[in-house]
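Look for subunit A in each of the two complexes below; its partner is subunit B in the first and subunit C in the second.
And then the complex of A and B:
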């Protein structure tokens, strides 16, 4: 099985990996070590010490804190609460629900009609990073995109699961 | 005596198999052993593969290579650009039970749909009547059996060895027209099966390797384009016969026992292959996604035969994906909206088969795609929804419109896994909604009755990855070999000249990595006698959300112009519209046509036949893909490149990407990195200032729900899903903390609701036993 250096994984995360290596990653069987290397790279990118267990986005992570609780955290350090809860419920939201607001992001004819569909942008209350954009109908419940089974995941990785997974 | 006695081609029960079992008993035993053991046909050990792996691989390689080369050879017979240019054909080999062993490249959704047709023949005792014999050919395009839409015509040929059935081969092509009410292969206008074109239900259409004359005469006169139809059928027959020869040769070389053993083991091998990939690439857990499609049928430009279809509705496709600790998975579409009076309904087989097309481009990117993956997957498609209609009247001509939209959301779900594990190279924000479908018909430039369906849609923009932008005008999710086709070929096939073909600015969703851009072609009608066209795509809504902070791709709009004066302008050497509709809010085409031209420029992207005269214009806008990540993270130099390539309108560089750029005297854009940094900081601060805590917003939205304050189409969608799914209703009420007495009934909306209460399923027909392969 092909394996990759930490430098290659770092470049991958930065979007700077050379095409030959990227193509190899696409075409060859997956390297199980990637997760460990990836966590190292991500950990070096943040200023806090909580252990990153699973990234949910470029700046959003499930982390294990010093007291072994698992929370969802922004790269800036903002805590969105228990990882089993939908982090969006503790975010800020900006809803593009009229033509003026839609026109800020697309020409009028290339944006949805807000009688049919709205854009809901979820921001970090501390740093303003946009972690997600939903595009549902009005009334649609906030979507809980992903609820990982961390215990089973770490079992697949042959690694010990976090104490409170 | 009974009629059966007179059917000379019928087989005595059990005479087709060495085991003496009927085909149906044979298949049922396989299903039983699979259910009892968890292994396909109970094959815990892959005896051939383990004892003689070289022989196993030799057989596979020979069959796979033969399937691919047969497709390549056969498609040269076709005249239709859809087949010959776009590669809309596929050949698949099946074992006796109708489970796929191996398939060619191409529109591999038909691995499932042709398998469903074979299973239907098995389950409904085709063995006895009309009989299954060497040299027979069967034709199917029936959407109630599992076909995607009637334009996919399948030819199925049984394969025998020493008078014993050893398998089947199927070949499918996407024909240009099936004689539906609306011309074109994926038309609308009709709202029921009875207007959806010719429907052939596993009919025996050939014996002794020869198509039957009654079939040839009947089928040709039932479609608008017999020339293409005839050559498409020859394509399918030639491919099937080449593959039958290949199987016979393989049996001569390897022995029939080895071949038959291979034909079962390879399915189990495929099942294990999927679970292995799930375990190595995904994360166990629950993923929730959803997709929507607008069905704006109340508009005056949608002419349908029945008044009860003149309503605006929304397709709703929520999906819960559960990746289990044992590395199998379940896809549950609880909460989908009801089927409707349009041509976008789907059969469960079409739905699930299409998902495999997608998975071959991500989770199982292997040539070993076969029915094994299906056995490793649980699907639930609730009866009565658009994914599994409970009425035999439903039309399916453009099932793609809903299907591709619902599949797009699955990309987001599975990409969360890839992102979490660090396999960033696999992340895909979604697919574009592959449309517009330019369709129409009449009398063409050759003076012949004609119909068209432009397959430029086979090259839309792809979704963004987590490490790079999506591909521009590159692919369609349903055809891994997608291609926009040569302009010159389309001009031969259609009475429509190209005024221009160019990248569609701003069509890809914004993000750290943007979605691939679509493209647009401006066509002028030329050389036709009587000609109509219509639009088919999304407009008021978008099914292709972005991922992890990326924006959805742009929605569609339509532009058509009549009485343009273009023929006079050409004669007088005046300026002409060249094909680039840079900013639809600041129209450019209108400056180069007659001021008195009748222009339709709006979001009504579904229409029915409209008359187009020579010199009229039609804009075919093919959509872009969704974006990934916060646009403020995009490399400013990449935005600069987008500006210089005309991929992005300058005002959105500033508003969405927070990029400050100046244009020099030569028209070249250059970003100011320092100003950009400041601007992005300001935008982030502005977001914090403008955003409201989600729980506060929920209180406001809850009031609207209590007041039933939403458009009729939104309420119809929810009411339809609530009526079919008490679970979805309960979750909705729980999320919004609604009182017990709150309800939303379709009856209260003042719109027709034909089909909601009264319906009749295909299974209610006499002697019809549908094949059910999903939980419902």
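And then the complex of A and C:
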């Protein structure tokens, strides 16, 4: 079994961990303490105190608030509501659905035709961080990426599950 | 013995990252080994190590060097330079539009050298930094097609501009590798001449390497990597080897310093193709085994070498080792012929852990290396290694590990094994440790068996040679039950690779790709043309080989030339390397002899029933080897002193754990055993650099050539 320092996990989150350590981390069985360390590092990166339970993206987390409700939250503190609801429904959305908009992100003729595929970009209404981009057919409903079973997850981690999971 | 009648003749140098070993052999076959810390100055390390070695004979460097006839160097400096990306800043000129292929790399380079689990997992794959950065790469408009025809003539003004920019940017060497240049080298040579001209105009002296002058073989990535290494890694080594050669001469040496090369011969440090000395350590053992086999009459040998981090295996059949055409080293695909070896990442120093999911013992893939294990507190290792297990079970002597230069703490090793391995598995410390050793032996045994049976052979037809620092410790374990004809442990196992280097021929080898295909419908004219193509390739290579020897002052008639070729059945993917039965080809009739030699070799390597000549025959490569006579070490020969070891060879006894019980193993000093001595297990035969374990149920005797024969009863 391998163990890592908090510094190494911080570097991992920042993408600055040296390759040899990263390679070892990838290849070896996962150490028990890692998830706790990982959450601790993420917690230090945000200015609020709600407990981070699971990251959904680099700046998007499922957190447990002071009154034990479980919500999706942006790194800036914006609350997207109950974690079982699709947070995207409460985000700002920008849809690239014509050639002009596509040409802003891809060279001419290298983007999909927007009759077939559009890009939907989801932003935080408070800080403007882009949290997700989906690339569906134009008529497709907003995708709910996944809804974690937090109780099962924390049991598997062998850590106490949040009260309302 | 009289020094004049018994001069020191051969010296082998193994310059590793931490230690520089030297190995001196006297005319009567007696040898000494010296060690010194490798420091920044390689020459100094070699001299210190030599002084250390020669002190055993009470002689000095100045005294011995003048009487020596040959010296072979192998070292890791060049490899470290590549791995650490600390080479000479090199500019690369390629065909326009192909500027990115070098940094993209072949896909296999993202997982070369990995353990099996990491190869099948995509997220551990990773490309190393390219040797040449994109900003030091330039494209030149030109194109030669796959038949060697010029499709777009080379735009030399672009080459001139490229060379100027690269030199102004600070590149210290320029490499040129254009598409299909192995078929038609004109464009590369033209660009090369332009680069040299620009360098002259700018008043700088930088080497220019055109791939066609070095490795005119197919496969762009391989050819480019290899030629880049010639500039990036070998050029700096040439300087160090030159300094070393000078300092040896200052001590009175009159021999030429030679370097072990991947094709199994030794080359001069002045050689044009020096990159082929990138990896040479493990090859030495195979060459040494072949040499011993030829002298002592073993024609089929399974070579096995255990070091701290890896287990290297190679097969010698009918006194020949197989060659691998595109060797890879340092995670780069290369166009270097390489003595074919199988390596697994498990060695005497592999780490031992418990897999938390399966609750089973897992070995490696990493190892403690020079830090030994938890038994050496100063090494700073907290994870149990295989060595720890050997130490607590009495296999190794904690007071004489590496000649006693390390202070080992047996109790610390025991505690680590208890907490990390034994307690989680609910076993006693002894059973856990011996389980680890059994597991390692089992895994080595399976690989050894697979290598032999996978090629259609049976271990019964082979003698197993076991060497390397760890070989003699494990020899009984990884050969048990395999049914080898014999298992042989040379008394100089630890220095066997250095010994092997010293037995290698002074030999250059050049390769060139050719495309020849002859079917049953081919007419006489086509066969004649094919024979002509091969002979023309040999002529071209002949000139290069002779040139290499001229650099070292040999005349052409002193060089023995051996032409060869790579042939395959058309429709098959793999070719075989064949020594040509004819020294020169002149007519279509000669073709049949080439085919016959291939058919015979194919039947030997695989089976005669597997031959498939229906679609005809192809030749993919021309090979030319040239060698000159060199002095080789003598194999020691001592009179038989009878079966009973002399009393002074005995070192007492110590408890030894084997198959779930403690037994009392007799201890012997390896150097004091005499030919003819017979020893029944349990026994442990110790020397400074290695330990030979003879467990219960095994016995061994030392023959007149100082080879131990291990016999399973």
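Basically, the second predicted complex is superposed on the first by the 165 of 165 C-alpha atoms of A that agree within 3 Å, B and C clash if a C-alpha of one lies under 4 Å from a C-alpha of the other, contacts with A are read in each partner's own complex, and residues count from 1 in each chain.
In this section, a contact is a pair of C-beta atoms (placed from the backbone, for glycine too) under 8 Å apart; a residue touches a chain by one contact, two chains touch by 3 or more.
Everything numeric in this text was worked out from a predicted model, so none of it was measured.
Between subunit B and subunit C, B touches the greater number of residues of subunit A. In the superposition on chain A, A:26 makes contact with both subunit B and subunit C. In the superposed pair of complexes, A:34 makes contact with subunit B only, with no contact to subunit C. Look at A:163: by the touch rule set out above, it reaches neither subunit B nor subunit C.
Shared-chain residue A:143: touches subunit B; no touch with subunit C. Once chain A of one complex is fitted onto chain A of the other, the partner contacts of A:88 are limited to subunit B, with no touch recorded for subunit C.
Of the two partner chains, subunit B is the only one touched by A:128; subunit C is not. By the touch criterion stated above, A:9 is placed in contact with subunit B alone, subunit C being left untouched. Once chain A of one complex is fitted onto chain A of the other, the partner contacts of A:110 are limited to subunit B, with no touch recorded for subunit C.
Comparing the two complexes, residues 26, 29, 32 of subunit A contact subunit B in one case and subunit C in the other. Here subunit C touches subunit A in the complex through residues 115, 117-118, 121, 123-124, 126, 353-357, 365-366, going by the rule given at the top. Interface residues of subunit A, counted against subunit B in their complex, comprise 9, 12-13, 15, 17, 22, 25-26, 29-30, 32, 34-35, 37-39, 54-60, 88-95, 104-113, 115-117, 119, 121-123, 125-149, 152-153, 155-156.
Residues of subunit B touching subunit A in their complex: 279-281, 283-290, 292, 294, 314, 323, 325, 327, 412-413, 416, 419-426, 466-468, 506-507, 510, 512-513, 539-542, 545-546, 548-552, 554-557, 583-585, 601-603, 629-633, 635, 649, 652, 655-656, 683-688, 690-695, 697-698, 701, 704-705, 710-711, 713-714, 717-718, 731-732, 735-736.
Subunit A meets subunit C in the complex at residues 1-2, 19, 23-24, 26-29, 32.
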